[in-house]
Amino acid sequence: MSTLTTDRQDERLQNRDGLRGVLADVLERARGGDLGVIPVVVGLVVIWTVLQILNPIFLSSANLVNLTLESAAVGIIALGIVCVLLVGEIDLSVGSVSGLSGAVLAVLFVGQGLPVWLAIAASVIMGAVVGWLYGQLFNRFGVPSFVITLAGLLAFLGLQLYVLGTKGSINLPFDSGLVNFAQLDFVPAWLSYTFAVVAAAWLFASGYLHARERRRAGLSAKGVPMLAARSVALLAVLAFVVWYLGQTRGVGWMFVFFVALVLVMHYLLSRTKWGRSVYAVGGNVEAARRAGINVRAVYTSVFVLCSTFAAVGGILAAARLAAANQSSGAGDVNLNAIAAAVIGGTSLFGGRGTAFGALLGIIVIQSISSGLTLLNLDSSIRFVVTGAVLLLAVVVDSVSRRSRTSHGRA
Amino acid sequence: MSTLTTDRQDERLQNRDGLRGVLADVLERARGGDLGVIPVVVGLVVIWTVLQILNPIFLSSANLVNLTLESAAVGIIALGIVCVLLVGEIDLSVGSVSGLSGAVLAVLFVGQGLPVWLAIAASVIMGAVVGWLYGQLFNRFGVPSFVITLAGLLAFLGLQLYVLGTKGSINLPFDSGLVNFAQLDFVPAWLSYTFAVVAAAWLFASGYLHARERRRAGLSAKGVPMLAARSVALLAVLAFVVWYLGQTRGVGWMFVFFVALVLVMHYLLSRTKWGRSVYAVGGNVEAARRAGINVRAVYTSVFVLCSTFAAVGGILAAARLAAANQSSGAGDVNLNAIAAAVIGGTSLFGGRGTAFGALLGIIVIQSISSGLTLLNLDSSIRFVVTGAVLLLAVVVDSVSRRSRTSHGRA
Amino acid sequence: MTVLSLRGISKTFGAVAALTDIELDVAAGQVVAVVGDNGAGKSTLVKILSGVHPPDAGTITFGGNAVEIPTPAAAHRLGIATVFQDLALCENLNVIQNLFLGQEIRPLRLNDVAMETRSWELLRQLSAKIPSVRVPVAALSGGQRQTVAIARSLLGDPKVIILDEPTAALGVAQTAEVLNLVERLRENGLGVIMISHNMADVKAVADTVAVLRLGRNNGVFDVDQVSTEDIIAAITGATDNAVSRRVQKGARS
Amino acid sequence: MTVLSLRGISKTFGAVAALTDIELDVAAGQVVAVVGDNGAGKSTLVKILSGVHPPDAGTITFGGNAVEIPTPAAAHRLGIATVFQDLALCENLNVIQNLFLGQEIRPLRLNDVAMETRSWELLRQLSAKIPSVRVPVAALSGGQRQTVAIARSLLGDPKVIILDEPTAALGVAQTAEVLNLVERLRENGLGVIMISHNMADVKAVADTVAVLRLGRNNGVFDVDQVSTEDIIAAITGATDNAVSRRVQKGARS
Amino acid sequence: GSGSGGGDAGGGSGGGTENAKVAFLMPDLASTRYELQDKPLFEAKMKQLCPTCEVIYQNADSDAAKQQQQVNSALAQGVKAIVIDPVDSAAAATFVKSAQSQQVPIIAYDRPIPATPADYYISFDNEKIGQMIAQSLVDHLKKENAEGGILQVNGSPTDAAAGLIKKGIHSAVDPSGFKLLAEYDTPDWQPEKAQTWVSGQITQFKDQIVGVVAANDGTGGGSIAAFKAAGVKVPPVTGNDAEIAAAQRIIAGDQYNTISKPIKIVAEAAANTAWEFMQGKKPAGKATLYDTPSELFVPTVVTKENIKEVLFDSGIMKAADVCSGEYAKGCEELGIK
């Protein structure tokens, strides 16, 4: 027993080491329904296969490049939604706020002729202010966020129409840096590969340092072969993606920006005190309050983040369309963003979810929409099929998760 | 102490009797934030006053008659939403299902020439089947209801378009009973007054019998003066409403139908075993399961109810418009129905809410929309004002409720 | 006559083996105390018996027949009533509603009056100090809630009652009433499984004591023939333990 | 030296007067046991002291100054650490995350390793039987959770520790460790308020015993000069009560 | 039910035309023209005809039920006439019924109400519009000897007007000899959706696409953005509504055409007719459509060739609004000042 690390001494624990142990562990977790994002990935693979069979263009490099670019704007909005859902609240107004942000950008940039960075800053700040307002209303009056943001949905839609005013639709110049960023800027191949290598190296290095620290503290840790295997796998996947997308236009900067935001949010949520308090508030707000956490500040911060991300998403959407108009942000932006978060495993009741969920979720949603777009169906059939495929994706996920309750995890 | 009834013997209880006691009680409860629907009513009164000042037509009899008729269809849908929210789930597809139901009705009745009752029955059954399907998916695969019904939203929108086919829009004959029911059938004045009297008498009688039973069992009970005062108040309110609406067209049968459904649902939720289990599942599903409740059956039943009500609402909406078209049920039906439930005090987290909440909530929402319709605003301004007024209504409610947490009630 | 008997029951949660190869017998009119350290698996055993978790392996015999208990409803049907350690009450419902949850009087037109009267009866019997039965359970104190949970298990007509630390949050008077209650249940011929950390209570009402240790059986004792020290030694797995050291220290000082 | 002193504290919930005109004094290095029947208002008092509920009336003096404790954060700042009866843990977070909630090491780049090491230390000290600290608290047994809650209150550098029925769900060994802990806290000069229904524990570690009855003070006793029977009589408000009757019955049989 | 709603309300119910009210009810916000052109033009003309009259303007936001509420509320306010552009031509029958049952004349504007004759119908024909933009594109392609196929981007599948435009487009594209590669109903007329769809078709059909018929300027703009974003040459793309943004794209050479409706003429004609009804007269139509006295106006297809005359010389648009920044050069070349 003395050879066991501090955290492995309980004799009820079934300790497994090495690669075989990892496999046994995965199996065990699969039985327990605790597979993290794997089921969503499986769902995604199923959908991709089906769509590819229906139309062989679907998995073509060119189409996947489109897919990445189309995911970015709504994906960033979904990232904000994840934060709000994590504390058990909701924001229905992300569509309107993104539309308003695009409108503000266009009016300032094109209408008033301000420099683009100033217009962007103004839009983003507008988003943050909206979120701050929500936070105040929520904290001071205790109005359910559903209602606050429903009011916001209406009010900011009105504001969007008002800001666009007599023009109704404003073109962004095609040769501006912003539009280029969203439409035509791709990462050069060498840089993409460098990114892939850096990511893999970083994964290994941080894992290695962490394991060393743990071992020094007398705790169990992953072995070097494990860590190396993991980084090599990541490298292989990334390199393949870069290579395949590079067959046509490559990896868009906008997508890189989105992924970077996901990584930053992942860090903030999982490695900072703030992230901890977000999960705590979502899990049990009263317990969080009693632990001395400033619950109001946490609520305000997530509302601000969510609206800010909505504004950023709105800017990118406008840039990608090269126009801001009255219907920007309308339609299913809200639903798609929330659905992406939920499909990615975020609970509507708070306390469960990850930033990567938003990435996966939006890719599922955009895959469905892009795949069906290629099929040239009647719109009535298209709606039905979209619904069915969406359900299919999530059933795969849920079925693999559902043994969970019977194993006692809620 | 021996004179105290069984439920009043604890010496920590501050017992109050008679009318003065009731007043003290209400004050106490106001401090504790436990006022039931009173705050919503206050919010409603505030809004009515504001809107009346802005346009003196608003509270005119003719406009209120319109208001009642316009509330019925979405109100019935909101009633179903209340049930789903009570168990802590959601249905995003009520709009689509109502649209589909209207389309099915129109196609069967006008297109196929079936008798109207058969067409109605078919639509309603279609709604029930949809709900049953949701229940199965939810129970068997554990897919979050948000995703199931989002898929349903898309699929049934597609089906609606498909059913309407190339026509796109189908008129219902004006002289059919159904359209008359929704547009032109009003309760004769004498019958309206009879209804009012019956309601008041019933309130008194049931209260009296209940009090007698309680007193026999040695429990505290409301006194006859209290009961009488309550019935007289109800009578006065109802008689005034009937009289005022009677100044123009009176009380529409469709509204009576809606109110009747609210009463039935109120009974089912508060006075039956099924209603209890709905609240229990919403409060703590694991506890409900351990108490031996068939949790799956409860989920299925609320999904079925909700879709069925959505179908009924869709039929009435089609009847009121005398047409079913591609955009029936689209737009803000979903949001309005959910918002009505939430404004009426139903919690999105389950376990709290009433059928009357749906009635009050939809009246708030329709008042705002009708009041602003009278104001002749630009759409942009109208959206902003709608948002602001909606918020106002709910802030009044929430402020009066919020002392609750500081008084320890969650 | 054995009403309930377990053989080879095992249960794993992820990497943790919560129960391994458990045996237990309960006869009618017998009070079996199950004791063990924190995390020994007592509540897991209770949950398996009441249909909350399915066991991974093993057989359950009830009234002579091998049975499966896949859901709590199945346990209710067999006649197993349980007071759970986490109480399993609905906080949004009031005391009456919780007491009668799933067994309401007059399902289609609830008989509030009868239910309220019966609630007061049950609670009085347990010396409950609850000011009003019409407040949501969320507003009750810990002990009041536990009393409600205990009262609820008495409502049906069970053959076996399982009490998972029923007196943990109770006051001295209420604890005494619950012990009285357990004795009455035994006299009425019910099988009782009681889990407790309080050796005095165990010695007072139990007939046999089954000890669990780290998820395994660690001895079944006849209560008259075992000392408190021996039980504690079986629980902690050593005669030199924190308890005995405290006792010694107390004796010395 | 009195660190904490309450005068005239009252609190009503709706129609129920939970606390009426309560007085209480705690000195540094003193263990005050608060006892009382279920629903006597003990936890309400704790919640007022830890900033969960504001009192309706009355004054709180802490370290000689009149203070207001509007939020739990304010209580933390004053140096009041509390173990709540309902534990107040976040079920979705794991043991380490719960232990360090609100006081994480290295806020901008959490130091998981240091926190895990410290967690094991604390838990070992309390003889906790927790197989892994990286599982969500939802997966712990009742006693394991209570140990986590107790361990958490030791993390900061409090002046007063309030324990609301800290041993209710604990096993015998863990209970002994907690009593040891309370003694250590006293030796370190902390003020301790301990709520308990277990008279043996109260007599073992407390210096004074304050009795609450139906929300009112019902006597403060020096633990050396009062018998268990007297405390129970003060709690139940009568010398002839369920407890004494059980004791008599036990003696007779 | 025959009681007039506003009977007890102060303002607009007197017998005469003093302070009379008239309702002007528009269908949606998907096209900017209703708020930006129709409404101000109608109001201005009305003001000129009857300075004390009040115009009640409402927009139904694509929701027939909301439009019904607006009609009822207008009736409750005691309007003397209703000018309505119905969201759903079929459902509008019921509005005609309720208005006429209260002796309020109702004028169908822009879209007809076939099922129940309104009192008057003033419009251009949506089907014709679809046909005209598509034909203009087809003619252009034929002139250029283009070879390949056409994409068709329709309006919202839940919008009746979009259905009419779609029909019109088909009537020009189907017999044109160009292959219809694919078509798409754009949910909610959203440009983003159009962009996504066209992006997909570009990967699928690559350079087979020689033209895109888009049902309005928004979806047209989305289609153009798709080509730009794919980094390929933008083929001729149509539009409809003559928005400023579309005019800019035409000037810059990105969009091939749009269509300008003589909204000023139509809106003023509607005001005139409404005024006549309000005075108790019964104006006779220049034609009869759907049993309704009608007046139809013909829109003009706008391309780079005629944009100066149609949009700027006529005063519909001001050069200052359009020729900002990057478009200044294009304007100069076309002589727009």
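Every chain is named by a letter (A, B, C, D and E) in the order it is written, and numbering of its residues begins at 1.
Here is the rule we go by: contacts are C-beta pairs under 8 Å (C-beta built on N, C-alpha and C of every residue); 3 or more make two chains touch, one makes a residue touch a chain.
For clarity, every value in this text was computed on a predicted model and none was experimentally measured.
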{"item": "Steps in the shortest chain-to-chain touch route ending at chain D and beginning at chain A", "value": "1"}
{"item": "Other chains in touch with both chain C and chain E", "value": "A, B"}
{"item": "Pair joined by the larger number of C-beta contacts - A-E, B-D", "value": "A-E"}
{"item": "Proportion of interface numbers common to chain A and chain B (over half same, under half different)", "value": "same"}
{"item": "Mean-CA-position distance for chain C and chain A (Å)", "value": "46"}
{"item": "Euclidean distance of C-alpha centroids - chain A vs chain B, Å", "value": "36"}
{"item": "Distance from chain E to chain B - Cα centre to Cα centre, in angstrom", "value": "38"}
{"item": "Per-residue multi-chain contacts in chain A, two or more chains", "value": "10, 12-13, 161, 286, 379-380, 408, 410"}
{"item": "Two or more partner chains touched - positions in chain C", "value": "13-16, 52, 129-132, 139, 214"}
{"item": "Residues within chain E bordering two or more other chains", "value": "29, 35, 157"}
{"item": "Which pairs of chains touch, using the document's own definition", "value": "A-B, A-C, A-D, A-E, B-C, B-D, B-E, C-D"}
{"item": "Chain A partner contacts - residues on chain D that touch it in the complex", "value": "50, 52, 71-73, 75-76, 82, 84, 88-93, 97, 101-104, 107-110, 112-114, 116-117, 120, 129-134, 136, 138-139, 152"}
{"item": "In the complex, chain B residues that touch chain C", "value": "6-7, 10, 12-13, 210, 213-214, 217-219, 271-274, 276-277, 279-280, 282-284, 286-294, 351-352, 408-410"}
{"item": "In the complex with chain C, residue positions of chain A that touch it", "value": "10-16, 25, 28-29, 32, 34, 406-408"}
{"item": "List of chain E residues in touch with chain B within their complex", "value": "1, 3-10, 29, 35, 54-59, 61-66, 68-70, 72-73, 75-77, 87-91, 93-94, 97-98, 115, 157-160, 163"}
{"item": "Touching residues on chain A, where the partner in the complex is chain E", "value": "55, 57, 60, 62-63, 66, 69-70, 110, 113, 161, 166-171, 173-175, 182-184, 249, 317, 320-323, 325-328, 330-332, 369-370, 373-374, 376, 379-380"}
